[in-house]
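In the part that follows, the structures are each spelled out as structure tokens.
Look for subunit A in each of the two complexes below; its partner is subunit B in the first and subunit C in the second.
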Partner chain A sequence: MMEALSFFSTSWMSPQLLGLTALGTFLGVYIGAIPGLSVTMAVSILISFTFSWDVNNALCLMTGIFMGGVYGGSRTAILLNIPGAPSAIATALDGYPMALKGEAGEAIGLSTVMSVIGGFVGIVVLAIAAPVVSDFALLFQPRDYLMLGVLGIMLVGSLSGNNLLKGVFAGSFGVLIGTVGLDPLTAEERFTFGVVELWNGISPIAVMIGLFGVSEALTQLHFMDKTAIKQKIDRIIPRWSDVKKYLPLSLQTSTIGVVVGALPGTGGDIAALMAYDHAKRVTKNPEVPFGEGAKEGLIAPEAANNAAVGGAFIPMLTLGIPGDAVTAVFLGALFIHGLNPGPLMLTENPQMFWFTVGNLTLANIFVLIFGLTGIKLFAKIVECPKGVLLPLILLLSVVGAYAINNSIADVWWMLGFGVIGYFMKQYDYPVGPVILGVILSRLMDESWRRSIILERESVPDFFINLLMSPLSLVLFISIMLIVVSKTTLWKQAKGRIFKSAS
Partner chain B sequence: MKKSILGALVALSIVATPAFADFPQKDIQGVIQWGAGGSTDTVMRSVTPHAEKELGVDIIMTNRTGGVGAIATKYVYAKKADGYTLLMGAENPQMYKTLGLAKIDYSDFTPINILARGVPIFVANNDAPYNNMKEFTDYAKANPGKVKTGSTGKGGLSSIVLAMLDSQIKLDLIKVPYNGDGPALTALQAGTVDIMPAVLGASIEHIKAGRMKVIGLVDNKVNKLLPNTAPITETFPGLSTYLPWGPFFGVFVKKDTDQAIVDKLASAYSKASHNPEFVALMDKRGFSIMGIGGAEAVKFLESYRSVSSWIVHDAGFSKHSPEEFNIPRP
Partner chain C sequence: MSAPLPRKVGELFFGFIVLAFSVFLFWQAYEISGFSELSSPGSVPMAAAALMVLAACINLLKDLARPTSIDTARSFFRVVLPPIVAIMIAIIFLFGIVLETLGFIISAFIFLLVSIQFLHKKGFIRSFLLSLLALSVIYIIFRLVFSVILPEGLIPERDIMAWIGSQFSSGA
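Here is the complex of A and B:
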């Protein structure tokens, strides 16, 4: 116990490690905020940069960037409607409307506190239940990933506003975009027309920046003469009563975040979207409707995506299996530094576990500090005259799209989707379902085909095995419940039962 | 007008200076075929800092993923043959022609160094009712269509090893595709698949921890990391024409790069590949250090291409016959 405590506090005691964690978190917040500059990329550049460093120093810097980066994605999502990373898409849905109402300061403050709470939930689960959770994560079979995808795609309903048909259309469009490229299972070309640049598919990040950032900038051109909304910046640290009120919701969505983050096939982006859907379902009477600046819609994804950080470390530290793209790079870094990442790492280097937990905790505290400072300055961005702000958004979008893969093709895709997004908004088509479709397309495509190959192409066998596995059964029942609870038949029945009861 | 004169002068000065006299004069770009955190990425990022020291300039590495490495390969091929753009890749391009993925392969590049080679093995879920290749093939014969094997797509390591096995004994297996050996090995631990061929380096830690077991060693001699596993040639002597065979990692420049530049780079990477730190890392991971360049590397590449191309052609999943490209039969 004492030993664990001393490993835990390694990075707290050493001024050098403390400083590096702080630096990493600070850099992470800003790298995360710029769309296209991803945490994965930053961490892999750091591998070469920190090659000759001591392993602890390198890990402190990298953990800081990870924690800060996941949080940072919310900044631009709230202020400019450009999510800094796919895990911040759900944040933009209600965060940006808040900024439009002059509540950017409050939105950032609230998202910071909830991110930190989510981060702590992730760390606590990592610290006390890592082996249990990683064994649980391994139980997920391809059919279970398929059902997670189906649970996710039902979000189209939440994201469609008042026209479901248009939402379904937009979602299907997204799924179609997601199928472009080499078939993940057979490497056959799909919709590539023989162009090599399309083999890798259309980058979801390019689609995201275009549909959110550029289309927003284009739409704003209609309102050039409108003066910018004055941002209220007197209250940045959220009210204690607010935190207390939303705590149950953030704990629930943090749990979603940890589990989805710990699954080797899914990460913070899917966790955040599922959390948003969950918030929408459990919140009966939001003060402000969802999509128009509901605080619940901001809190849920922010807590979930930071909880997913701790979650992603669970299979990585216990089994040497990465929980997401960033922890995959971490594994590479550990290897280069001479630690043998794998299921034996904790036996060979027991200090690693508590060192990482301590480090994540520290980074999470720095997120709180760096998140709550400088908000006043940031909120001012939204107050900039349109003539300055719009070119800035376009510049940021182009740089971000290029940075994804150092490829000019991504910039064209991004601009193209910007124009499509503009017309979609003009004709009242929601853009959210498109990006949802792109993200989930591959997960569903792969999982469905993999599970049906496993059953030798027999659909009856697929359903028999689905009903035989407790985990699959639970997931299947929850899908069914969500579907049935939305039917008119169910609502009528429910109405009748309540009537007879009263 | 002024600009074009200036441009011409600049161009002239570039042409006029003997570009290779004191190479390198600026930073070098390294283009990695595979994503961050993967084995190619890890190998390149752990060897290159040692080469940087020799060359005295930075080598800036970027990951250009996609199309089983074809995007990076075509990118470097489209650049000037001046030694300032290195291709850092794995074995995949050697199959591009036969599988119809691209019209170029490593014969259009000059190898700087083939750093290391991996050894393929068969790993199985701990609950699988077989412990060696003989028991496995007997079991699969007795239970056709029951054994599930993980695969990493056509032309990937697992497909080629299974095709080798297929040349010796016909088995009816369910092949479940994954995007890379990482996810497939996870599925093996989860019991989704029963057995799969994988590179030793990717599975060694899981084997040591007892989370999966070794069934066979796809090599013609015993490996020191797996002293108790018999080489597959003891069960299937017919495989010795193909072995040793295995995925590799190498650094390349475009063909027709000046020999002085190639020599300079080759000497830097050769020293780097024998750096004790790098050797220790590779050893621990079960990669055999090669560190070869020049004619020796070309010969190795040719042999890899001929074995793999003909195997996939005979197994029936090639798009073009290796004959079309004058690839000799092994």
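Here is the complex of A and C:
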């Protein structure tokens, strides 16, 4: 216990780590707030710069950005009705109407405090649940990992877009990209087309920067003429009575946030929408109707999306399975720093786990500080014109891709995926599952081959043993449920259209 | 779910490309180890490619069932690939081509100047100063603080740095 506490406080004691966490959180709040910049984009670009760093320094900066970014998205949702991040979509529903009524300062203050409360709930649950999950995860068979991977990709595919097929396509594409190069088990060439440079595969970071940096920047070019409307902000520190009044609701929705965040494939965006729905159901007589500036409608998603951060770290650290695109990028960073998140990490590397928990706590405190100050500076930064911002993102993407291996080849991969990602977005193909696929590819490939070798290449045995194990059965049923629910929905909708047409 | 929306311009063509690409990848995945063993290196790539082919096929069929968009081929360049995007893609590819020969400082400066001038449209002097400022900040943060190695090209950056360093050390 004492040991855990000392690991926990590593980043609190060292001025350098403290400074990096503060810097990360600060950057995160602003990156999350600037429309067009996202946490995924920032973390993907930063990985390439930080991988020669000490692990602790890099982790401090990145947890800060993650925590700050999830919160930062709410700022623009409230002020401009443009969610800075997908997890802030629900925040805009009531936050923007509040701003229109001249209550922008109050909305920001309340959302900050509630985000921080949510963040703490997430961290506490992470600290308690991760060791338990990790013990449990030791029971997982290779086939369970395979199914967890499939489940994660499918959930992200079906929830982030509205078309499961396109999600499946994107996820499989990602898995394929991840298999390029020499096979880690037999050293056979896969998709190398005889090119030696491809033996090491395509850098996942180049794919990430391309899909989240360049393709996003190119998409933003469509909206060059959107201008921001300024809002008056006065009082920002929320009233104590308000905080006390809404505390029960924020604790409830934080719980929703942690649970949803911990499921593979679901992150802050879904947690926030579910929390909003919950708030709507439990609030019998809101002072102001929902959608017109109800404080409940602002608090619920804000507490939930920050609680989801802690939740998302549970499967990431204990199973090595990312919950969504942001955690997938983060997981990529951990792999690059030579850490192997998985059930053994907590026993082999407890200092990393407690260090991360301590870091998240610290970052959460910085969110409170930066959230309640610097509003004037904030207004200036958000007004940064897109004509300057987008060239900068593109330049940073190129610098980032080049920095991975000091090679121009990665820049070309990055640009190639940037253009592919742009067209995918144009035709409603989600790009998140691609990254999830790339990150999970190796785990899924090895798990499949290990499990089928264990069954002596017999498919019937594979399924018999799968059905005999309760855990595998649950995972298998979950996957089937997603597939079936999507197809029947599709059929029902088709039937309805048929009726209305005839 | 509501009635199917009309196809976006070029969607069908994109669907065909996606399908052709998936089939090509499946063929490549088959080439790895064929249908030899379930645990062969080609098994997962083949399964993934098969899923891609399947998803692409169904998507294409669904797209075919949707009403045709009223847009003409020309509107592709308005809806999907407006000139502003096409030009930026061209600019950034040119930047990639000259990056190693011209070096980071020169090529990045030209890239910033051209793209800010093109997107921001606020006068040449302003673009020039903005590019200079942005490049200095990026250079200081990434080259000096993060010590990221960037292509040197025409400007003998390392020699200049070493010279500045030696001036300081000899002065002290």
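In this section, the second predicted complex is superposed on the first by the 271 of 502 C-alpha atoms of A that agree within 3 Å, B and C clash if a C-alpha of one lies under 4 Å from a C-alpha of the other, contacts with A are read in each partner's own complex, and residues count from 1 in each chain.
Operating definition for what follows: a residue touches a chain if its C-beta (ideal position, glycine included) is under 8 Å from a C-beta of that chain, and two chains touch if they have at least 3 such contacts.
For clarity, every value in this text was computed on a predicted model and none was experimentally measured.
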TODO: Decide which partner touches more residues of subunit A, taking subunit B and subunit C as the two options.
DONE: C
Open item on the list: Contacts for A:Val214 in the overlay, against subunit B (first) and subunit C (second): which applies, first, second, both or neither?
Closed with: second
- [ ] May I ask you to decide whether A:Ile453 touches subunit B, subunit C, both, or neither, giving the answer as first, second, both or neither?
- [x] both
Open item on the list: Output check: A:Arg190 vs subunit B and subunit C. Expected answer is one of first, second, both, neither. What do you get?
Closed with: second
Open item on the list: So in the superposed three-chain picture, is A:Tyr427 touching just subunit B, just subunit C, both, or none of them (first/second/both/neither)?
Closed with: second
TODO: Considering only touches as defined above, state whether A:Phe463 meets subunit B (first), subunit C (second), both or neither.
DONE: neither
TODO: Classify the contacts of A:Gly320 with the two partner chains as first (subunit B alone), second (subunit C alone), both, or neither.
DONE: first
TODO: Give one of first, second, both or neither to describe whether A:Phe136 is in contact with subunit B, with subunit C, with both, or with none.
DONE: neither
Open item on the list: Under the stated touch criterion, which partner chain does A:Asn406 make contact with: subunit B (first), subunit C (second), both, or neither?
Closed with: both
Task: Touching partner for A:Gly332 - first (subunit B), second (subunit C), both, neither - done: first
Open item on the list: Output the subunit A positions appearing in both contact lists, the one against subunit B and the one against subunit C.
Closed with: 52, 185-186, 406, 453
Task: Partner subunit C, residues of subunit A touching it in the complex - done: 49-50, 52, 163, 165-166, 168-169, 172-173, 175-176, 179, 183, 185-186, 188-191, 214, 218, 221-222, 224, 385-388, 390-392, 394-396, 398-399, 402-403, 406, 408, 411-412, 415, 419, 422-423, 426-427, 437, 441, 444-445, 448-449, 452-453, 457, 459, 489-490, 493, 496-497, 500
Task: Touching residues (chain side subunit A, partner subunit B) in the complex - done: 40-41, 43-44, 47-48, 51-52, 138-142, 181-182, 184-187, 196-197, 199-200, 264-265, 319-322, 325, 328-332, 335-336, 338, 340-345, 405-407, 446, 450, 453-454, 456
Open item on the list: Show me the residue ranges of subunit C that touch subunit A in the complex, using the header's touch definition.
Closed with: 1, 3-4, 8, 10-11, 14, 18, 22, 25, 28-29, 32-33, 37-39, 41-45, 48-49, 51-52, 55-56, 58-59, 62, 80-82, 84-85, 88-89, 92-93, 95-96, 99-100, 104, 108, 111-112, 115-116, 119-122, 130, 134, 138, 142, 146-151
TODO: Could you please specify the touching residues of subunit B with respect to subunit A in the complex?
DONE: 35-38, 41-42, 45-46, 48-49, 61-68, 70-71, 74, 102, 145, 148, 153-155, 174-179, 182-183, 186-187, 189-190, 192, 204-206, 208-209, 211, 277, 280-281, 284-285
